[in-house]
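Quick heads-up: structures coming right below.
There are two complexes below, and they share subunit A, which is joined by subunit B in the first and by subunit C in the second.
On to the complex of A and B.
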């Protein structure tokens, strides 16, 4: 009973945004069902879930970084680099595919560690560090290739179109990744130190909390997730493209702030981000049904970020 | 328990500690006093493992120790409660208490129910009623302090250091704190108590060590000291020299600003107040009596729900900060860091901040003029800094306050309001600030001071208004200012 009660307080008081976002998802879904008979179908639903996979994974990493009080603006370029490396190294050869997969995951982690290290030891704000590494990575990508490159072996697209328990593989993977991360953040001390660092960096230092470990972990994880996102993206597109990740930088931040994580750090959570991802994906899907071009999606995303942040700023003032 | 011998520490450009010693026994409350810049905070940080000494040794619990990090000192049984708490507002009370020492359960994961239970036990031991599930952001400052103390009890604390613990709490809460500290002392904990409030040292502490300018002055039993001997050890002069002479009694000075029936929703009710040129007027009363709110209303920082303000022959029903500045009112807020100074910029930028017109020519900032003005103000107010381009962040509280005074004195032609002008400032700098306030009054300004320190009100003010629960309960003229009368007005049940 106490658990139920405390979970309820936890949800309403500390994750108030989560309930709002779930509410919005329901409103949009009902709107869509009323508007079009094709919207409410199982195939459209699994389509939304599948398409949300790469965004969800990038946003998952981004959430941890933002909770530390930082931000990672290099994720978009990293997704591009990882995807061209994946199909470029593989070049249709199933054996090379494993080499390529391991390579891009290591590259992702490496880029994250560089981001963390530069902000730790050079004292440069992560916003600038990652803006810089983002540009560098985009340059490296374009040096490597300027057109779609390579080919994945037959059957790799199963990752995009296959089903487990009737759900897209990507969606199952996403939910598993989010749940594991959520458990990590709540159950493992390092998870709590991530919150503490974002809440009050100086205080965390005075407490002797491992700031270095926190930042290396958060940015490393964020880089790894960007690379994993690239895997699912390449599975759908068939080959890596040098600009494929471009939009991920902004779009990975949208679900995080929509889900109630404060940009200033210290408060929020990954499950909010997952709901944010579904909200954004649902909205984009609806706009497709209304046959509005993808350009409108960008405009609307931009507006959502600003509105979401303003809503939570207001919340914070009241606390 | 702790013996510090011949410790020295330098930072680039400053020798913070030179050859100091300190000896603290188990089961005593040991006061550490000295002006700002005496080296108390540096020593605290060395004991806490934040800084390492350049020279000298630290002996703790019978062993010579070298702590490379705060974590090492903490593991040895040292807990420091800094002036600004190390609490994480978005974590719960229980999470804060066990941060860094999480209670583990299934698969070595964090055990939330045990964390909560153990936190509740610790808080019970302290005899306080705080919900372990509440976010720290939702607690009162006094409760936050108790959470800090509860953190110390998580591991067997042997040495507890408190840096200005009563700067943020008042009255009854101070009594509670002292009760807890005495109980800890009786349990054999060694306590180092740092405070500017000397009365507290006589009430609580067993021995006292005085530092001055980074050097050791003396360690004495508190029982063998008087208030005056302690102050003279700290500053090398007597307490009565602290306050400048008051304005001459008997003259009637012109009223510069009068507020009639001013109310601020929920905080101030129909307050009437008159400020006179050449006088220092004090607004006295308990914390939360509405003093700051009334001052804010005069400055336009809070909007009036009724009443009017007359200044320079003009009457306003609505005041805004920009209008207030235009009419010659200045306000130094109580929160220097949050609402006053741009901490990361230099002295000259801060001094000219409210008066950029005077340092610009046809819309462009004239930096050399700005620096020249700053240099002159540094001279006038005797601000100790590395010149106009010195960083404000690294200056002592007293000197930061003087920078703010310099800024507002430039634009305040009629009234200057100072909210707790000497909070967190050492005795020497207090005397300086009092002198400056008197100077401003002598120049013809009306100075309005909000102060919670009784000696300050009595020693400095020419006129006192006392508030209680948003109502002005009395006005005391020059020959009516007595401690007893003020306390009576500040605490009486009904306004007469």
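On to the complex of A and C.
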């Protein structure tokens, strides 16, 4: 048992974890191609990429928050609120659409700033703060509407079904967003501060790093990404629904953890999260091909998290 | 610094300490008085016994949640365990003769889930949030796969009695809650086990130095929480009568809110079961009041969100 555990630890040190995830993706892809001749087609591949878009964007924001050592449990409710606001305010009118887009992005950033502010100035753990704001946002969403609401102007679904260079627009946007964020995290001082704050909050503060700025930025970014995810969701579904984001809260954490970012903060990165997202989407797609119901997707997601967290041992403080 | 300056500096914090100790009782009292004035129907015997019926399953879950939070943990899997226990309740014939097998199977699931949580957290050093989240998802998936999304069948009558009947106005499930709360309070405050729980949560390094098997204490908390959640699920299935896949939905959040409101510190080692139960009572009264006064039901969720943040901020102590 100990040797198995230490082998795992050895394998997953540093880049090893990411390689394991990429390896798993390859294995699953080969398995899928062998099993069904429709799986390996270009249309299915772009389908997988397209469906991964909203989850990928929410997980991107979640990654930054988790690297600071926090967590954001309000993203699901925020996705719901942003999606009903988007289609509700637009109501089929192309000019109102721009107002709606700006509104939901501002709402997303605002919610993120509230989350950061409350955990900074009230001294409450982000887990509790965002649990609270998540409940408040869900309540507000339900007060606003209890049914799908409004509609988007013609052509808005291009965002979900359109292609750039043969790839879905959403997938291109996702990859661009991840690459830019990855560069930001490595090259820009604020990005480094995010790691430093998550690794050792007290040490970072003693060195004079701007903890306040780091947290406001990470949570604000996370809120913004949830709103952007809502845009892509509405493009696919046609209208905002009050429960549409519910699952995102917890499923957005799975790819982050699978990608090797530790919940205790300071370790990991966004490219791991992107691989985690693709692994989860590929698996769900594969299960669909095997005509297994969504129930099994839950079982497998639970198992993946358990295996992932057992592989990446968190040697630091617990959340 | 002179003595008088010191005592002056301590004055406000002592007042805050008093407020922290007794605030929750005052809040509950004030809530009841205000709601009773706004809505006379609130204080009718019928409504009160209805509230107590609803409070008992939450209270049972809260006991487990408090034990887990005391050792610096968090149990998100309780609602999933409850729903699974409820599905088990309808799996057999639905007769009283099957009440015992139902109980045993449900308890086994609850205890096993708790054991898995505890092992992941102590042996693999997984954060409690993530470990219980994973078991929650796993259990939810297994439940869905088993019921194919649509559970059916009857709850054995004895659980109906335990969950929804009263004995001269006192609900049976409230009696169970009182017995359990007494037993676990005595365990926590009068036995070495209890002192070990507080030390494990309050100062893990010290606990290790004095030779406490912190891992066993932590695992025990999760196992107890799982078992109590299974019991609460059975009782709650008797309360609602019909079973769907979501019996107990929201109890994970509510039980944490109740514990935090009752002064159980998420940083571990501080708080009591009685405090957590007062927190649960406040939640149930607030939910009931929202309906009695005639607000839309969505306000329940919004108020819950505010309450958890405010309560956590109220009890927070600066560590640096």
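Here is the rule we use: the second predicted complex is superposed on the first by the 300 of 319 C-alpha atoms of A that agree within 3 Å, B and C clash if a C-alpha of one lies under 4 Å from a C-alpha of the other, contacts with A are read in each partner's own complex, and residues count from 1 in each chain.
The criterion applied here is as follows: contacts are C-beta pairs under 8 Å (C-beta built on N, C-alpha and C of every residue); 3 or more make two chains touch, one makes a residue touch a chain.
A quick note: this is a predicted structure, and the numbers were derived from the prediction, not measured.
Peer 1: Here subunit A is shared; do subunit B and subunit C fit on it together or clash?
Peer 2: Pair status: clash.
Peer 1: More residues of subunit A in touch with subunit C or with subunit B?
Peer 2: When the residues of subunit A touched by each partner are counted, C comes out ahead.
Peer 1: For A:29, using the defined touch cut-off, is the partner it touches subunit B, subunit C, both, or neither? Pick first, second, both or neither.
Peer 2: In the superposition, A:29 contacts neither subunit B nor subunit C.
Peer 1: For A:45, is the partner it touches subunit B (first), subunit C (second), both, or none of the two (neither)?
Peer 2: neither
Peer 1: Thinking of the overlay built on chain A, is A:264 touched by subunit B (first), by subunit C (second), by both, or by neither?
Peer 2: Only subunit C; A:264 stays clear of subunit B.
Peer 1: Where does A:192 make contact in the superposed view: on subunit B (first), on subunit C (second), on both, or on neither?
Peer 2: Once the two structures are laid over each other on A, A:192 reaches subunit B alone.
Peer 1: Figure out whether A:209 sits in contact with subunit B (first) or subunit C (second), or with both, or with neither.
Peer 2: A:209: touches subunit B, not subunit C.
Peer 1: Applying the touch criterion given at the start, work out whether A:113 contacts subunit B, subunit C, both or neither, answering first, second, both or neither.
Peer 2: After superposition on chain A, A:113 lies in contact with neither partner.
Peer 1: Identify the partner contact of A:302: answer first if only subunit B is touched, second if only subunit C is, both if each is, neither if none is.
Peer 2: The answer is second: A:302 touches subunit C but not subunit B.
Peer 1: Thinking only about the overlay and not a real complex, which stretch of subunit C clashes with subunit B: 78-86, 186-194, 222-230 or 276-284?
Peer 2: Comparing the options 78-86, 186-194, 222-230 or 276-284, the clashing one for subunit C against subunit B is 186-194.
Peer 1: Which residues of subunit A are in contact with subunit B in one complex and with subunit C in the other?
Peer 2: Of subunit A, residues 319 contact subunit B in one complex and subunit C in the other.
Peer 1: Which of the residues in subunit A come into contact with subunit B in the complex?
Peer 2: Against subunit B, the touching part of subunit A is residues 6, 9, 13-14, 183, 186-189, 192-193, 195-196, 199-200, 203-209, 266-267, 319.
Peer 1: Inside the complex, what are the residues of subunit B that reach subunit A?
Peer 2: Where subunit B meets subunit A, its residues are 48-50, 69-71, 74, 80, 82, 85-91, 95, 99-100, 102, 109-110, 112, 133, 135, 137-138.
Peer 1: So in the complex, which bits of subunit C are touching subunit A?
Peer 2: Result: residues 72, 74, 120-121, 124-131, 133-142, 144-145, 148-149, 253, 256, 260, 266, 296, 298-302, 304-309, 312-313, 316, 318, 320 of subunit C touch subunit A.
Peer 1: Which bits of subunit A are touching subunit C when the two form their complex?
Peer 2: Spelled out, the residues of subunit A in touch with subunit C are 71, 118, 122-125, 127-129, 131-140, 142-143, 202, 250, 253, 257, 263-264, 293-303, 305-306, 309-310, 313-315, 318-319.
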